[in-house]
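Below, chain A partners chain B and then partners chain C, in two separate complexes.
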Partner chain A sequence: MSDIAAGLFGVLTLGCSLGVVFSRNVIMSAFYLILSFFGLAALYVLIQAPFLAVIQVLIYTGAIVVLFVFVVMLIDQDKLLEVVTGKTLVLTAGVLAWSLGLILLRALNHSPMAVPVSGQLPTLRTISLSLFTEYLWPFEVLSVFMLVIIVGVFVLARDKVNA
Partner chain B sequence: MNTVDIAILVAKTLLFYLIVLHVVPIMVWVERRGAALIQDRPGPNRVGPFGLLQPVADFVKFIFKEDPIPTGANRGLFLVAPALILIPASLTLAVLPFGDKVKLFGREILLQVADLDIAILYVLAIGSLGIYGILFGGWASGNKFSLMGALRASSQVISYEIPLGLAAVGAVAVYGTFSLREIALAQDGLWFGWLPRWGIFLQPVGFWLFFIASFAETNRLPFDLPETEAELVAGYHTEYGSMKFGMFMMAEYMNLTTISGVMVTLFFGGWHLPFVADAMLLKWIGSQNLLGLVQVVIFLTKVAIFLCVFVWVRWTVPRFRFDQLMRITWGRLIPLGIVNLLVTAGVMLWLGGWK
Partner chain C sequence: MTVSFLTNWVHYLVAALFSVGLLGFLIRKNALVILMSIELMLNAVNLYVAKVSLALHSGAGLVLVVFAITVAAAEVAVGLAIILNLYRAKRSVDVDMFTGLKG
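Here is the complex of A and B:
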């Protein structure tokens, strides 16, 4: 039964991802993005990772996409489409996306598959413990990194407005 | 999982869903009569005794009304939006513990649809999805008032999710679990022989934060900026008529019910009677199954009290301005929440370290 469910949610995720890319209306793209994130969360549940699923919904679906939609609703849609369908941008984005995909594929092929220790699934406690002990340093560095990105975007956008 | 288990699960889901679904017409009546009481007027009193059949009349009216779709609307999203708000409102019910457990057909049945060990995260995650109904509904209407309402709603809900989450994390830290059932179980009995073992006495500041944020999360006065009839007509549901508007209203009352249920579970002892331990109650009643029923009644009574408080506040406190609303959360509630969490953590460390 879980195989059928996995298939259904996989089709949902992929189909909606295609919808994100091919939809001419930016709001509809956002709507498909939400659905595809949902499918992804359901897939996480099926591989016995409910924590990941809930976090996926809480952070991505519940917060980040809301901000996307918020911003997109305030932008002039025709102008946005003109910008994002410009040749240079599409070409650059295409090259970047393909290289990222190739890097990910290579990383996937060359890294050992994570196997749960002695068949026991990680609980919330073990996840938090490893985050705050073993991986504390990368965790903190990542958060600082995020902060730097936010401040950087802010500075870049401000310059444009003032100029 | 065999057929009986699945049947029990389906029965539980239906039962609790129907209970909460029936809160909606009752709340419509309580809201209208309560408003009338507070404003010193009779309120709806023609249909049935005390106007009790008014919700039925309203429902019939909803169904027979014209169901317009505006010309400038995005048809698909306009039709999907009411469902988008109603589905998350009902999904949260799955983790509310209505009672402890009963024994039927030779097996123990929890009076809760699913005892997730990440229940609080689930509540927060699903709770944050209700916003899409408002956001898409407002945008798809093709009306500027609706769009303004939707944008206000999204910024408001995103902001108030933070104090809500911080308050919940305080409770999680105190009880050492994310499971709502275990949190409710831990609140049985008394401290020092006279104080109910309730979360509010451990997390008074946390409760206050959760309470205030829940008004914003459910878009109720004093934080109903997304609909403000005086400036935005009716905000995101201006263009909706007939049962689609009815669905927005149902979602509002279901959201109120679930958030009240979460508050009761986190801070007011869940299904436990104050001053009477469950063991003592069991001795009086004599049967585990009957006790389960009593517990459900106690839980629903506590939820009903909270629902009345929501109505009471709605008709007494005036609306805030939008900048005030934002200043309350970013300037007051979030710092307070962080301090509350730090103090909680400090006290717990001082009292004997982490479990």
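Here is the complex of A and C:
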């Protein structure tokens, strides 16, 4: 049952990623990206990480793709129609990506996987506890980092001419 | 070494997803789609980190994925601001238009 679901959502995720790469319209790419992220969220549930599934839907589909769509809105539609990339480039890139995928697969399949030791699977409670005890310092650094990013993006995206 | 497909389906998915992201990064000329492809690659790696962490019955990898997603969100915000500036400069988001640093 879980294998069938994994196959289904895996195919959905992969198919939608191909849609992101190959669709001519950028707004269609953004929508395929949403579907792909939803598929990934389902896969997170299937590998027993429901917490990450929620984070994935909230941040990726809720924030990041919305940001993408906003920028697509700010840019003229006719400027988004791109020049068709050269055939040799597509072929070379295809061969490169294909071989990298095979190398990656071989590396993943042959890497020694440590046998699970004792202990429970991490739950939302244990993850949250470790965020506020063991990983408190990186957590706080990350929050300051987010503040810096907010200010930085504001400065970067500001309209200098009309300001 | 024989590897069953069903036990290692995450490996196949991660490899395929990363390759698709790389392909998009290489063949597309639209800066927005290039950024989306980078996100696809990031997601593939996140999935694998989460899988390994759960296989070890440890929460450390899950915390790492949460941090990675946060940084990815920041990266997208900065990337989109840069793309917006590129559009203001040349009225285009085609990366072939921006060859000023080519020398």
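FYI, the second predicted complex is superposed on the first by the 118 of 163 C-alpha atoms of A that agree within 3 Å, B and C clash if a C-alpha of one lies under 4 Å from a C-alpha of the other, contacts with A are read in each partner's own complex, and residues count from 1 in each chain.
Here is the rule we go by: a residue touches a chain if its C-beta (ideal position, glycine included) is under 8 Å from a C-beta of that chain, and two chains touch if they have at least 3 such contacts.
All values derive from a computational prediction rather than experimental measurement.
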Contact-wise, after the overlay, does A:I55 reach chain B, chain C, both or neither (first, second, both, neither)? both
Ask   = Of the two partner chains, chain B (first) and chain C (second), which one does A:F31 touch, if any: first, second, both, or neither?
value = first
So in the superposed three-chain picture, is A:L131 touching just chain B, just chain C, both, or none of them (first/second/both/neither)? second
Looking at A:L12, would you say it contacts chain B, chain C, both, or neither? Reply first, second, both or neither. neither
TODO: For A:A93, select first, second, both or neither according to whether it touches chain B, chain C, the two together, or no partner.
DONE: second
Max touched-residue count on chain A (chain B vs chain C) belongs to chain C
By the touch definition at the top of the document, which applies to A:L67: first (chain B), second (chain C), both, or neither? both
Which holds for A:V20: it touches chain B only (first), chain C only (second), both, or neither? second
Chain A contact set shared between chain B and chain C covers 51, 55, 63, 67, 70, 74
Residue positions on chain B within touch of chain A in the complex are 74, 76-77, 116-118, 121-122, 124-129, 131-132, 135-136, 139, 147, 150-151, 154-155, 157-158, 161, 178
Listed in rising order, chain A residues that touch chain B in their complex are 25, 27-28, 31, 34, 50-51, 54-55, 57-58, 61-63, 66-67, 69-70, 73-74, 123-124
Chain C contacts chain A in the complex at 1, 3, 6, 8-24, 26-30, 32-33, 35-37, 39-40, 43, 46-48, 50-60, 62-63, 65-67, 69-74, 76-78, 80-85, 87-88, 91-94, 96
Given the complex, residues on chain A that touch chain C span 3, 6-7, 10, 13-14, 17-18, 20-21, 26, 29-30, 33, 36-37, 40, 43-44, 47-49, 51-52, 55-56, 59-60, 63-64, 67-68, 70-72, 74-76, 79-80, 82-83, 85, 89-90, 92-94, 96-98, 100-102, 104-105, 108-110, 113-114, 116-122, 126-127, 130-131, 135, 138, 142, 145-146, 149, 152-153, 156-157, 159
